[in-house]
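Presented below are the structures under discussion, each in the form of structure tokens.
Two complexes, one shared chain (chain A), two partners (chain B, chain C).
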Partner chain A sequence: MATRIKKFLGSGTLFVWFCGTAVAASVLLVSGVLLLIMINGLGFFWPHALVELTLTDGTRVLGELKGEEVIPHSETTAFPEGKTRVKLKIGNRDLYGLDFRWVDTERVVSADTPTDVIAVERREWGNFYGRIREVRRGGEHVASGNEDGWTALVPLIDHANALHDDVAHLQRDVIGDVNYDIERIRLKLRALALQGQDDPVRIAVLEASLQALERRYQEHVDVLRTLSDRLNEYSVVLIETNGRELSLPVGHIVNALRPNAMGLFEKIGTYFINFWSVLSQEPREANTEGGIFPAIFGTVMMVLIMSVAVVPFGVLAAFYLREYARQGLIVRVIRVAVNNLAGVPSIVFGVFGLGFFVYAVGGTLDTLFYPEALPTPTFGTGGILWASLTLALLTVPVVIVATEEGLSAVPREYREGSLALGATKIESMIRVILPCALPGILTGLILAVARATGEVAPLMLTGVVKLAPALPLDHHFPFIHFERKFMHLGFHIFDVGFQSPNVEAAKPMVYVTTLILVMVVILLNLSAVAIRNHMRKKFRSAAV
Partner chain B sequence: MVGRPLFVGRALDRAGGFFRGRALCLGLVLFVGMGSGPLSWAASDSMVDPEWKAYSRVSGVSGNLNSIGSDTLNNLMTLWAEGFRKEYPNVKIQIEGKGSSTAPPALIEGTAQLGPMSRHMKAKEMDKFEAKFGYKATTVPVAVDALAVYVNKDNPVACLSMEEVDAAFSKTRRRGHSVNLGTWGKAGLDGVWQNARVSLYGRNSASGTYGFFKKTVLKKGDYKDEVKEQPGSASVVQGVTEDRGGIGYSGIGYRTSGVRVIPLSATKGETCYDPTFGNASAGTYPLARFLYLYVNKAPGKPLPPLVREFLTYVYSRQGQHIVIKDGYFPLPQRLIQQQLAEM
Partner chain C sequence: MHALIDRLTQPPHTARRHPQATGPDVASAEPSHDAHSEPKITVEAADFYYGDKQALFNINLTVPQHKVTAFIGPSGCGKSTLLRCFNRLNDLVEESRLVGTIRLDGRDIHDPSVDVTDLRTKVGMVFQKVNPFPKSVYQNVAYGPQLKGIRRRARLDDIVETSLQGAGLWEEVKDRLHHSALGLSGGQQQRLCIARALAVNPEVLLMDEPCSALDPISTAKIEELLHALKSHLTVVIVTHNMQQAARISDFTGFFLMGELIEYDGTKEIFTNPSDRRTEDYVTGRFG
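Now for the complex of A and B:
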């Protein structure tokens, strides 16, 4: 017996089992987390059925069923398992004060899923659930009753949404451009005053163009006002399930559905429309509703800027350490230091970024190049450049280590062959060794991207904001605005999850944002992996 | 009265299947008090003052507005900024909310024109401001917040006095309650609650709410070590939702269906009051506070037009509606008029 155990241990089968278990546990954990996020996040887009409950006191409750639980300590002889209660999303926040409500099932007399109820997604106050009483145009009556009202309302909402797009375009692009020019001229004027130049012709020219721009602005604003008035032209009188009325301008409606009357395919269609609108729209209501496009954009752009900064820096450092430096005590100490740097908490990097980049470098840049904008800081406050550079510092050890590994895997014969053929050291390095080490470098980049995308703490100190007024990339020269603050998916999760007042209603948004963050990481990694595989194919002979 | 369980079960099965099986054993229909809050609170209409003036645009307002300060006011500032930008599409507003203590340095350095704070400026901060400019920063109250004490939705406790809240949260018990409120039995509950432990949730020490609660309820006493300090107001509410014995404090705007708000009385034996708009403005609810914006205004000089218009917007009908939407209480009209006159 003992010999058999000895033989078993000696064969190494046990070890294989250990390894297998470790892998299985990792896969299980990762897929478990992903599954949790997906279950909670993906359901958000589905048009849920609306249930109308009639209670024993005659009142009614209309909403989406969100959960059920056993009331603790409610077991009686009649209910050996305990009584239950259900949680409904009742919406109508402006009428009820809360979006959710618990109802004891024993108080429910009847429950129904009427096909005529509508779910309205509003630009303010969250969803409305109820029925239509009347559609009006100003004081005029257009349609009354739930059925006629619905028929009249649907095209009006499409029309209002088209108008909204026009308003957004006018506000963001047209007026945005005028404002941008006005701001630049104003800064030029201030700069002239600061420099003590009082060339009257130049000032007069600038002021004339400023006035022309302001006139143009005024014209655009007038158009904007007429558009906005047209948005509020039609209104709809809604009634909630107990008969309380609410008048709502059609311009405040994002969309309206009759979820109980929808077929499966219609629901699937709505699902993808909802998903796309979250991906593509701007946030509303202090980020708790609407889309997360600026956050996705900010995250990706920050990671890209970081990659551009971290790769040359890390690769050069690794080349020096591996190819040029004399291997000895100092290099060993530096290697240990680099490895330790990877273990420094990210908030420490954040504090460093704030102190060094934002205050020292940014503050100096401001006094040297942007004195006309002071005291409002340009670079002397957090921005996408400083955040990206801070993250580049945070991830540079990963790139150095991976590049060194890649370099050490380049066969010695390659170097010697190259040198023997008459190439100088730098030539053989650029033409022979670098291409062979590229897959290793890209592995480093993949790890760096994965780490950087998930970091939030250093960003909070160096440039992430809850709501950024403009994207850091637009059509104004120099196109990439390094000084602008930006939004980030990780911070969005923190903000919506911990700071939003209506945490119950915002919870799905947290999961959706998490899901999209994970998807962004996967996409960024996949593209880096694709590039690496392409490289590998190209330099197959390299033993990397 | 015997219910009609089968019908309920069937309809709900169609709706989502949550009731499946359970609804079939629905028997007696009883009237039992439910955890949902009184609907009357919601009625935003009751807070709306017909005397609020609608905001009217003025010409010549443009530029950048920076706001740095409180995280409690972060949402409110964002909502105000969204609304203000509808009136003036040429105004750019940047909002940073990392805590009340970040507001004074930003105002002193001039990096922000608005400094939202959930507490008063401390004397030290005010002195620094005065040393730089020669006058004090101007305090502008913008909304009323009632700090609510939350318990789990199943907790039947009817009312707590300030002494009892102090005895639950504090180890020093400066308000003089005789016993430590360690179990819910000490607060007068019986049955399964008799020996249920009181589990405490609070904010982290960087928060203005932490300081306000410590000053007002604990009379500057010390928190118990077992208070679970949370990174945000919403997480206090989440904690109490999940923990049946939980009790925590947070702004009234953070109320959800998973928690109950306890009425409070100023001293033991007195009437308890809910943190409603009426009770907060009448002063009967003991934990009401103002939320402020600090601005830099030289005496005798008008405010910069952009700042002035932003404050006017905050005091307008639109601005105060946003306060209600974010879950806080609007200012009394008298105060608004007084403030507008001073501006």
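Now for the complex of A and C:
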């Protein structure tokens, strides 16, 4: 027996089992996390059925069923397994003050899924669940009753959404442009004053155009006002399940559904529409509703700027360390330092980025190039450039290490072969060694992108905001606005999940944002991996 | 003894199917190396050190022009080190140091006025480990000329074709010039390396055990090629294979422990070595 155990231990089977178990545990953990995010995130877009419960006291509760649990410490002889209760999302925050309600199962007399109830997604106060009493135009009556009201309401909502698009276009693009021009002329006037120039003709010309612009602004604001009035032209009187009434302008409605009356295909269609609107729209209601487009855009753009900054630096440093520097104590110390830099907490980089990039570099840029805007900082405050550079600093060790690995994997024969043909060192490096090391460099970039996409702490100090007024990329020259603040998916998760006034209602949004952040990371990585594999194929080594 | 020489000078069995691959008969080699040829490379009192370790001891020899000179000897005897001194590739090795003089056409190659890249275009090299760059066949051959500033496509096409023909590879690769060089067979890759070296028009070709990783057929092809190349090139070849040295070279140097034991016409070395150790080595008593 003892010899058999010894033989078993000696055979290494046990070791293989340990290794296998470790791998299995890792895979299980990762897939568990992804599964959790996917179930919660992807479920968000599904039009859930509305359940109407009648309780023992005759009141009714209408909402989405969100879960069921055993009430803690409720085990009695009658209920050996304990009593249960269900959680409903009841919406109607303006009426009830709460979004969720727990209902004890024993108080429920009957449960029903009536097909005539509607779920209204509103621009304020979250969802409304209930029925329609009347549709009005101003004071006039248009349609009454749930069925007629629904028929009348649906086209009105489409009309209102089109109006909203017009309003958004007018506000953001047309009035935004006018404001942009006004600000530029104001800065020009300020710059002239600072330079001590008082050329009256020039000032008069500028002021004239300023006045013209302000007149145009007024005109646009008037148009905007009429549009807003038209948005409030129609209103709908809704009743919640217990009969309380609520009057709501149609312009406040984003979307209205009758989820219980929808077929499977209709629901699938709605699912994808919801998914797309989250991807493409801007946030509403302190980020807890609406879409997350600016955050996706900010994340991707920041990562791209970071990549552009980090790759040349990391590659040049690695080339110097591996190819030029005399290998010795100093290089070894530098290498250790670089490796340790990768382990410095990211918030430290954030503090450095704030102190160095934002205050020192940005502040200097402001006094030198943007004195007319002071005391309002241009570059002397957080912005996408500073955040990207801070992250580039954070990830440069990864690129250096990976590039060095890539360089050390280039066979010595290639270097010698190139030199023996009369190439100088730099020619060999550019034409032979760099192409061979490219897969290694891209591996570094992949790791850097993965790390940078998920990093939040340093961004909070260097340019991320809860709600950015404009994207860092638009049609105004010079198109990329490095100084602008931006939104980021990671920060969005933190903000929506932990800083919003209504955390419970924001939970689905947190999962959705997390899911999309993971998807962005995967997509960015996959594209880098695809490029790397393409290179590998090109430089595949021969089987001699 | 004569039976041994006969055996040594026989081509490998596979080469018999290529009678032209046998190379020069040893009997026809020059009896003495200073008789008919100009000296191409002269080594005068060369010592070479890797750090503290001395690898070459007081080497004196002359490589004659337009001949094939072979360096033989057991592993670690310094023959490759000497070869790599000829194109100053040892400059890359940190802490290495050469004492003494090496001259190419009478000029010291370590003279400050010598441009090392020029030297390396004059003195081409083929390595033991086949090392075509991970580029296309065409780009491999065009690499050297492009470094010299030749950009015109027609001129490059011309050089590539001539060089590949010179290396006896043109017929095999002319339809796949723009495919990866790494898709060629080992022997083809080595001939591609030769073509690549020929493309910069060298005067000397150094070969560091070029056939050690190749099969007998490929070896035979390269030996045949060497025979053709020596009409306009000086070839220095390091080899472990004594049969090969005997078949292809005009002169042979025998190295042992960093010293040049004997240097003479190949026939002399293999039939009538003056040193006991050379005889022991060529007859296979050690090494």
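Keep this in mind: the second predicted complex is superposed on the first by the 526 of 544 C-alpha atoms of A that agree within 3 Å, B and C clash if a C-alpha of one lies under 4 Å from a C-alpha of the other, contacts with A are read in each partner's own complex, and residues count from 1 in each chain.
Operating definition for what follows: a residue touches a chain if its C-beta (ideal position, glycine included) is under 8 Å from a C-beta of that chain, and two chains touch if they have at least 3 such contacts.
Source: prediction; values computed, not measured.
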Clash or fit (per the criteria above) of chain B with chain C on chain A: fit
Which of chain B and chain C A:C436 touches, first, second, both or neither: second
First, second, both or neither for A:L407, with chain B first and chain C second: neither
Partner chain(s) touched by A:S500 [first = chain B, second = chain C, both, neither]: first
More chain A residues in contact - chain B or chain C: B
Which of chain B and chain C A:L98 touches, first, second, both or neither: first
Inter-chain angle, chain B to chain C through the CA centre of chain A, in degrees rounded to a multiple of 10: 140
Contacts of A:S418 with chain B and chain C, given as first, second, both or neither: second
Contacts of A:H73 with chain B and chain C, given as first, second, both or neither: first
Minimum C-alpha separation between chain B and chain C after superposing on chain A, in Å: 53
On chain A, the residue positions that both chain B and chain C contact, one per complex: none
Residue ranges of chain B touching chain A (in the complex, touch as defined): 1, 3-4, 7-8, 11-12, 14-16, 18-19, 22-23, 25-32, 34-37, 39, 41-44, 62-64, 66, 71, 74-75, 78-79, 81-82, 85-86, 89-90, 92-98, 109-111, 153-154, 191-192, 230-235, 237-238, 244, 251, 253-258, 325-327
Chain A-touching residues of chain C, taken from the complex the two chains share: 87, 89, 92, 94, 117-118, 120-121, 124-125, 127, 129-135, 143-144, 147-148, 180, 182-184, 186, 189, 193, 196-197, 200, 213
Contact footprint of chain B on chain A as seen in their complex: 48-49, 51, 56-57, 65, 67-68, 71-73, 78-79, 81, 84-87, 93-113, 124-125, 171, 175, 178-179, 182-183, 217, 221, 224, 228, 284-287, 375-377, 380-381, 460, 465-470, 485, 495, 497-504, 506
Touching residues (chain side chain A, partner chain C) in the complex: 326-327, 411, 413-424, 427, 431-432, 435-436, 538-542, 544
